[in-house]
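Each structure below is given as structure tokens.
Below are two complexes that have subunit A in common, paired first with subunit B and then with subunit C.
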Partner chain A sequence: MTKRLTCDVVVVGAGMVGAACAWYAVRAGLDVRLVDRGPVSGGTTGAGEGNLLVSDKEPGPELELALLSARLWAELAREHGAAIEYEPKGGLVVASTAPALDALRDFAAGQRDAGVTAVPVDGGRLAELEPRLAPGMAGGVHYPQDAQVMPALAAAHLARASGAALHPGQAVTGVLRTADGTVYGVRTDRGEIHAPAVVNAAGTWGGDLAALAGVRLPVLPRRGFVLVTEPLPRMVRHKVYAADYVADVASDSAALRSSPVVEGTAAGPVLIGATRERVGFDRSLSLDAVRALAAGAVGLFPFLERVRALRTYAGFRPYLPDHLPAIGPDPRAPGLFHACGHEGAGIGLAPGTGRLIAQALTGKAPELDLTPFRPERFDTDGGDAR
Partner chain B sequence: MNPLKSARARPGETCTVSFDGRPLPALPGQTVAAALWAAGVTAWRSTRGTGEPRGVFCGIGVCFDCLVTVNGRPNQRACLVPVRPGDVIRTQEGTGHGDD
Partner chain C sequence: MTEPPRLTVVGAGPAGLAGALAAAARGVRVTLVDAAEQAGGQFYRQPAPALGARRPQALHHQWRTWERLRDALARHRAAGRITHLTDHHVWCLERESDAGPVTVHALRGPAQEVGVTVRADAVLLATGGYERVLPFPGWTLPGVVTAGGAQAMLKGGLVLPGRTVVVAGTGPLLLPVATGLAAAGARVAALVESADPAALLRRAPALAAQPGKLAEGAGYAARLLRHGVRTLARHTVVAAHGTGRLEAVTVAALDRDGRLRPGSARRIPCDTLAVGHGMLPHTDLAETLGCTLSGTAVRVDAEQRTDVPGVWAAGEATGVGGAALALAEGHIAGRSAAARLHGTTPDPGRWAAADRARTRLREFATALDDVYAPPAGWADRVPDGTVVCRCEEVTAGQVRDAAGTLGAGDLRTVKLLTRAGMGWCQGRMCGPAVAGLAGCPLTAGRRPFARPVPLGVLAALPEKE
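Up next, the complex of A and B:
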């Protein structure tokens, strides 16, 4: 006998984005069930660094979502800040040469017009912000809005505190649709869950869930390694990275890109991440990738040369061909909503995504224009990466 | 039961290392953790948060619980690092980098 459950919304995927969708949907008065084939934070969320960055985003829809999310993270942190290791530490982007600095300052000027706080820092004053930074840098830009959480903890605390019913270890095997195509729930390996709305927060596997509903969403994995050092006293104060990182994030290259972001954590280890490589779902360790990370980090912080790296981990960042997430209702399958494809920015963009999904679920006007995030946009515009 | 006897092991000559200033015997090929255990020492680190004692947990290099300071270098896995004659082994407080 199959057990049938009924609720208002089934959120598929108990990572950071799914937890945020559940949180805001419950706060909008909806009865929510959060389903995941594995544990909470078992996918890309548990393999991330917890970057909440506005600094690496050019003006446009992703930056607007990042700014909305930054405000919402600060709100969430008032209640959960210590438990999720929220640190509003700010980011520092540095340029080693004068031309790189010019490019960085131009980029920052555009961001300022879009509402980002971006403060130019002369080369001679970088040491005031980061005493252990390599000397001789041309200069940088300080981004006080950048922050950090411990992503696995953040998803777990938010999922638990959301008030949604949690169904970990329950795999969705089908999306239920009526004869006219309307979604009315999901089939799982432990029975059906009926609901008039299903949210696809399956991250890197969001394309598979879309396929179960009969629609196409070309989410692809991009592998990222993070290097973890031995625990240290606080040596690195901000999220520090070289100006090249922004170009790497936006790159369409399949080859290894490795400009590192270096950051201390509340627990002590310094995280050095992350590489970006298109190699499918290959989990094997790439010594080249990890070496490149280490070398880049030592270039920024020479003291790291004498610090032991304890381990490395890798995850698969879910990206769509235009590097924007899919957020909002899917007109091809009424009742299906997407909240996936955030690439390496899903932790940072989660609260804004959850808020927008909750607004869409309750028929409210979305706080941001959802047009750039339309899930069906790849059907017509030739943005097919396959 | 003496494990050396049951394995019919014939280890080389005992050497001496020090743990927090006192001399301990160690056998060639032993890990730091094995030498400490053989001498009855089961804790050689205090945690960063609340200062709880720690020693071997997994014993196979995975969990990083058995970190110890050897010859001035902190965060060595006692279960993997082989002892060398004269090693100076110290209890590691917190990160081992003199913070608190």
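Up next, the complex of A and C:
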């Protein structure tokens, strides 16, 4: 069973980012094959909540990518919105104390300068946006650009609709390189696929794929637990989280951090997410993590105390030491492109990443400056904080 | 004087009772945790005392065995060696280190809303099994119940699920269900078994070692005959019919390859269909502790130990084989746990009789498993429009689409793309059916919560440093 296939681009990883790369590459006129060792959405995509957030990002390259992606998500939703459960529900960040509210408002002012719509909400008016929120909050900020998709569905539908040839259940075992180091395809457990370009969209396993090509990309897993409740009528309208979530996202700490993001879903259950721990690929249940999630969620929405959690699951966010993804061509291995390391924001940042990769593949000027996302930056900067 | 070692036993069915008694008799302080109001599990399910049953034994066989277990439990409880926590629904087990205590997290109260924790040095998982039900058109109509559910209504509530009953599916449970319903006054219109029980005879070695089991089977057959119950072997229910509730079923004969015989379909009027396709082990608690599974069952060694230190397992959880096997396994597990908890190495010679019974009954269970497999091709007969996952109302067609064109290759991805198995039962009901329709193996469910838990209970768990 070793047939040799050829195409323009092999995208490795059929999660959200890989599906978006395939989508935009095909639209740029390329012949694409999307390969994954497992099923579609089998990795971090299938374990995420589908946050499309601009609210949690400070001004800088990631926020620019998030704003580009938010526009592209809205475009994609015009065609696929129902199938992928796209909901432009908006985010609401709340602060329980006056000092926390001051910090949040300063943060939001900076975001506004960068193009984010961020509307301050007085404590007394929070109930208009979220009637079941705990009383007594100091205030908050409303972010209408925050949205949500069902990530597994989004990746599966985009992959299918992209027009790329799908190869689930096919493991990449090597990256093919010529004597001068140029990449010309991949070796898989079912034969070679030859292509002048290979896109590393392997998420948490992106470092392993880079190693197969002989280059170093220090992608590490950061575990997160999500709690899922029984289905309810819509009780939570926005993505609601406490102001300290932003500090957790940017944290370098290995210890458990857990300010919860609480949100209702189209299907009924309330999702409670966002523990962050660096424990390697340990999937075993941490009752400490779910306790912290539950306590935080009940603190925001007291009615949740009597609501039942039906399940909990862990996922592994792929992160790089400076908390920015690797996007673009790898000068160390010509023909290799990276699109991984998006940490907990891969769903939200996927369309922008796919668009930038398609532009790089076709030699067009990228819409955003790729310098902060250079995959080789950890070699030159010595920034590997492992 | 040092404190006696502590063992928590989860489940008060045959395996859990045998294990608890064996350990308590050997100097171990046992806490028996069970969801029911009374000990006995599914097999020895007892009518609620308020119902004032005069002859509950009429609904059971092996009543003498039950009386011995019940009386021994009462003695150990009176002596303070066993604490029996009834109406405790375990949702999670936790072990902080290989040598540390095992904490059992349970819910109690009328709405299972109060959190309880029980700590012990070791745990015996006797969590039993659950029924496999495969879908067919009409299977969600009121009036269609599981075979085990019908039996539980009868044993626990002393009520009949209906007046005219068809018992259908496959597996050794169907016989006692049909005879029990007939004896209690229901008209059993037919016993529809997709397997060919005559095939058991071809497994002569496994059978020859089971004179008791043969006599049991012959006893059921005689009773069915006495009640005039028609047995249709190598037949299957093709559809259930009714508007609002069940009115009839269509059954048809199967050929050797499991295909429907053309022209064999016939309609049987009934108000109840009790259907089941065998049992599967309950392994959620074991999986969360990190115990390795073998197939769908918890893997154990000769002493019934799992591969997680301090965790034993016995009964259906380690492979479905019936109450007699569960008793043997539970007994061995209890003796092994007692010896190990006292810091000694047990001598298997001391439980040689139980060991021989276990070997024999496992061989027999394997033979039953081969004979009573769901008929080949059952999945192909489920029309696209039939609901497979009842909690989330996912149809067979949606499952096929996810597997066929969306690139789902395993149960988890089918679930993510269709929501099949995301609802209240978390795929316990539909998992085997979804796997069959998607053409992927039935894999462990990764369900860290063995049952739904109020967020308030989670939030109140003790915080660790």
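To be clear about the criterion, the second predicted complex is superposed on the first by the 385 of 386 C-alpha atoms of A that agree within 3 Å, B and C clash if a C-alpha of one lies under 4 Å from a C-alpha of the other, contacts with A are read in each partner's own complex, and residues count from 1 in each chain.
Basically, a residue touches a chain if its C-beta (ideal position, glycine included) is under 8 Å from a C-beta of that chain, and two chains touch if they have at least 3 such contacts.
No experiment lies behind these values; they were computed from the predicted model shown.
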{"item": "Fit-or-clash call for subunit B and subunit C when the two complexes are aligned on subunit A", "value": "clash"}
{"item": "Partner chain in contact with A:P233 - subunit B first, subunit C second, else both or neither", "value": "first"}
{"item": "Of subunit B and subunit C, the chain that contacts the larger number of subunit A residues", "value": "C"}
{"item": "Which of subunit B and subunit C A:R308 touches, first, second, both or neither", "value": "both"}
{"item": "Which superposed partner A:V40 touches (first subunit B, second subunit C, both, neither)", "value": "second"}
{"item": "First, second, both or neither for A:G81, with subunit B first and subunit C second", "value": "neither"}
{"item": "Residues of subunit A contacting subunit B in one complex and subunit C in the other", "value": "230-231, 267, 308, 310-311"}
{"item": "Residues of subunit A defined as touching subunit C within the complex", "value": "14, 38-42, 46, 152-153, 156-157, 159-160, 166, 168-169, 227-231, 267, 269, 272, 283-285, 287-288, 290-291, 293-295, 297-298, 304-313"}
{"item": "Residue ranges of subunit B in contact with subunit A within the complex", "value": "48, 64, 67, 74-75, 94-99"}
{"item": "For the subunit C and subunit A complex, residues of the former touching the latter", "value": "92, 94, 105, 113, 288, 290, 392, 402, 405-410, 412-413, 416-417, 419, 422-424, 426, 446-449, 452-456, 458-459, 461, 463-464"}
{"item": "Residues of subunit A that touch subunit B when the two form their complex", "value": "230-234, 267-268, 308, 310-311"}
